[in-house]
């Protein structure tokens, strides 16, 4: 019997019952007015989740990777230069995509586990007197290392340098789970997908464009058709879509984004923080270290946990799947074999998380690591108990 | 967001994904041959799950309580005497039903936490020279106390007494989860429902009748119409049903009984035993006692756990629901306030069970019991690890 | 590929998408407050659908047949006399149930196709000076013949006779689809099920009791346990249920009864009338007769259609299922082989109905009846067009 | 109450019950072996549905439009020339995409309603002595006009010209519904989506590449990342995917492609032909013309029906939606207002189709066209009856 245990991968997440039902729709005519009752709330809710008053939202039947391509191909031209930091597998892949699109790259190599160095960005932008750099990339939450970078600091660095480049932020594993401020941070393109904070199956690239980014699209010369925002957005006001939309997923997005707004974004973020902090307490109790180099960098959606030297961290993931039917995430790229990852975003409870921690303990013990069974669980229990009790007091 | 955590009540159980889908059927014409493709496998699979070659199976749109009424009203006449032991709330209710149907009762009052005293049954039956006792009731698994009685011993007592009474067994919380031997034990009527070992929503009374019990129905004079087995079974061979069947639930039963048989009944029982034993290890680690008086009585589907004198056990259940969104069972009747119950039957994994144990620990600590967080979890983890490893070795 | 075509049986009906989803629930603890959020709206909505301010509603995991037994066994005692008319298979079965419960019967044999003769009831009741008749039965809509009787006339007959008998109405195939007035008609017990006007799977008996019927239950001596309304209703105020409720079905009932009330009962009745009238126009165009003897008796939920002498009407039903995958109803009892039935209740549209009529035409032609293809469809189309256009004009 | 009537648009289609359930999956770890049990059958089944022994299949979270881009961007380089015929909106859009990717176009303007002129292709290819033309585009089934072109004839034209260009076929509204012969026709890239013959929600681009097309991708210089087949296919053998796959849709594809193969492709094609022919008989009975200029061009998945001069065909579609809750397709581009379209592909029965035809009749009559109600229905009924009877005879 399968599908019984929750998943603890950093997305796709566990899905709320009613979100699944919203996705599972009979066929409708997407050219009928009914489609507008799905499209328009999606656009409005997503904009609110991104904390923007004015971002143009576009929703593609694709994934976050398609969202990256949307950001680049709509705003840049062959030969343009892009500034980016490489501090994990996902920032690496976005850089790779730039290169394959013929863009010039200014890459700041950054230790995996560190955040994006805003000061270094400021130096580089200040030195770019000719403004060859057209776009600055920032991976808000590096899913590979569990590191959350400070996007506000990057905006301040850009402003301090007085540089006109656009700011593109990969918010795939942050938007809808951790604070994301499109307007406050002066984001020009924000990219996410359906399968993380929105708690849906994979299948949608969700992007927000600032007016400036939309304006840039009018002259950008990278080729694009499927991901062209002009085609995509042209008919939105009339509820038209340039090709067949993924109606069920969008109905799910309408529903799940509504859930987030109803709960309140700050409450959603606090919930993710609480569950994540319990995981971190467990890691500490196990005597292990996070990949993230500093508490200021800790991600509330995924924790990458370093295992002792000489131990293959990936074996934990394989063993958990095979022996206990539980899914964790492996280390990727530079940290492959060195970390395993626990996803703690989306539709999750303290109670579900405790079963993940208990399973991790069993796996580590089975594989010979010196872990006291129940130790991490106890640390998380203690934290969850006090956080719950504290929340009640605060509400009283 | 609700429905996220598994339930830990002693039924209805958590349901496998595909069983839910099997229940969620479009409307069919239950008078068409399609219905036969559902009815016949249900009858055959249920018979196999009861370990019988010849039992007549009847499936009513009702519950286990309706199954009790089916047993009595089809086989007995006003004034008949019934022998039963009262050792928990569910045996108590069946006795009450007998009385309300005008049957004479010979009740063996038994401490709650003890099993049915087969020796006492033998004495009584031996003394009943005139064979006024027409039926012997036995609650295989007392859901209220977590006590499994020895039905084989009761059959041996009846045989030793040379008494011709029929044997009626309430297998509501045992059939499909713990070993049940209709033929070997000479059971005349077995009663269960859909929402326990069969992992379905409530809504079906499922009963098995021996040839002898069917014969008794021809002369039994208690009034019955809805629960009349003659009406119910008359058209089965032609796939007919005396009124509108609960087709979706029966399609679910076809599927879930198929799952049990595919896994193998002994493997199903071993799985329930493993998960239950982990719970018992946790209880021991907490320094608490089970309601069941002796290890030979321990139920593999539900554990009733005594809390210290002066502590209201029901507060754990209320607190778990309110604070953590987790459902446990309260104590009922004589043991109300004295025990709380953890259900561990149906669609459950070691991993899910650990989250239930972790929650119980948090609740007990929140409510002031001296429980070391993680202690029960650790004991269960240790057991689950070794049981899993042992199973692998055994298979090798 | 199955399940594609709608069914045209007189229940279970086609189900609305969202009603199916409401039924398909994860397991909850039915002893938690969550259950109250399902139970209470069910009780209140059902009462409104029955047009009563004060009826006590009880919901059993059973079927309409169980509802009949609930009506009888809670209010009557052995030897009581019951007055009933037999004018179809379902009134026949209720009469049979009375007899099997040891009740004395005063049966008014009525031609199948006629309604209940209120004048005859009045004569009989007037003659019953000693008030031996305790209950008057009335099948509001005879599903076997497509005949709707006039319950208001029966109440007037009872009043004219000055007779104190209780009035029990079988509203299984009328409540929620055709006008039913519990209070206005002075109904004492109303019986229905989940699978007709409520558009749910079978599995619930839904009954309403007047205060007088509840009072009668305190002294009634027919044996009852599963169907005892005292047990059933005792805990309702505290959201308690005497055994495990069929939670998913009840959640569906909450939802579907809410749909009916939201649409407005008169609009629901008008919709059923419109669809039914289209069917009747088709029957007329085919040159066939309804079983119902007079237009005042025409049912808006099912039409029983007489086929020519010497033709086996049942062959249409078998052929439709086998050749075209469409379900109609056969004739039952006295009209077996003489009629076939088209159900037109529940979740149905004009458009769906037209496919049913078109299929009936193909079947009749295939089997050699002289039917002009498209003739009945055209008559129904004409009616639906004008009814739709008229509704728009009326709304303007 | 919505979602009750089937849709009659040329995709997305009505979905089989079990296909919807296959799509509605809990989250799994797409990096676990479980994903392989979904991916591999998808690849193998799709290949079989395309009638190829060797095509490489790639499945993108996208739509047919993304499939077009995949075909072009993986095989061509800036400045390459492409030959295409424009005979409808969808061929027009693919041509437009080529132009936006900087490809040189040789467009054969073709009356909408005509098929692709193979002879003209041969002339052009013969004249292209320098082989500047690298790819020949062919829209197998023009969804806008209901015209099926002869791909075999195009292959023969290419061979007759001795031209080495690759052959790219848009099979979006043909594959899985009408005969498609990847190998026999020497197709190099075939493009389809999930929401037509595969009866799934939109959200997958499904493409097949010949070895030659794969070889071309190694040197093709159009930029591509999301749609790069090298990235996409690299890990397939190890069940790896370059980004997060749309697992649920793929599970649906595994299931629905399995259904097609189980039914047998020729039976699937015959079923589509039968339902389509019924529609054509109705159109004839109405005295109307198809947009398709010749019976040899008639599509078995969609019929575009010309309405009389001066009548706005789109009003039928709007009226059907508003008055009867039924979805038809409007005319697009050159034939906007001149035709309305009836889709008849995917999960559909004769019976469902008859309700669509009956609705079209009501709409046309409501809007003042001289249509005899029931006339088209009768013509279709007659055809369906004889086709069904004939099929039975043939099977006997």
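Going in written order, the chains are labelled A, B, C and D, and every chain counts its residues from 1.
By definition in this document, a residue touches a chain if its C-beta (ideal position, glycine included) is under 8 Å from a C-beta of that chain, and two chains touch if they have at least 3 such contacts.
Keep in mind that what you see is a predicted model, and the values were worked out from it rather than measured.
Considering the contact criterion stated above, the chains in touch with chain A and with chain B alike are C, D. Greatest centre-to-centre distance from chain C is found for A, with centres as Cα means.
Counted by C-beta pairs in contact, the busier of A-C and A-D is A-D.
In whole angstrom, the spacing between the mean C-alpha positions of chain A and chain D is 35. Distance from the chain C centre to the chain D centre is 46 Å, each centre being the mean of its Cα atoms. Separating the centre of chain A from that of chain C, both taken as means of CA atoms, is a distance of 54 Å. Among the residues of chain D, those touching two or more other chains are numbered 2-3, 14, 17, 24, 26. Chain contact summary for the complex, chain A toward chain B: residues 1-5, 14, 16-17, 259, 263, 323-326, 347-352, 354-355, 358-359, 361-362, 365-366, 372-375, 377-378, 381-382, 384-385, 388-389.
Across the complex, chain A is touched by residues 2-3, 7, 9, 11-15, 20, 23-34, 61-66, 68-69, 97, 100-102, 193, 195, 201-203, 222-228, 242-249, 321, 327, 329-330 of chain D.
Residue ranges on chain A touching chain C, taken from their complex, read 17, 21, 24, 26.
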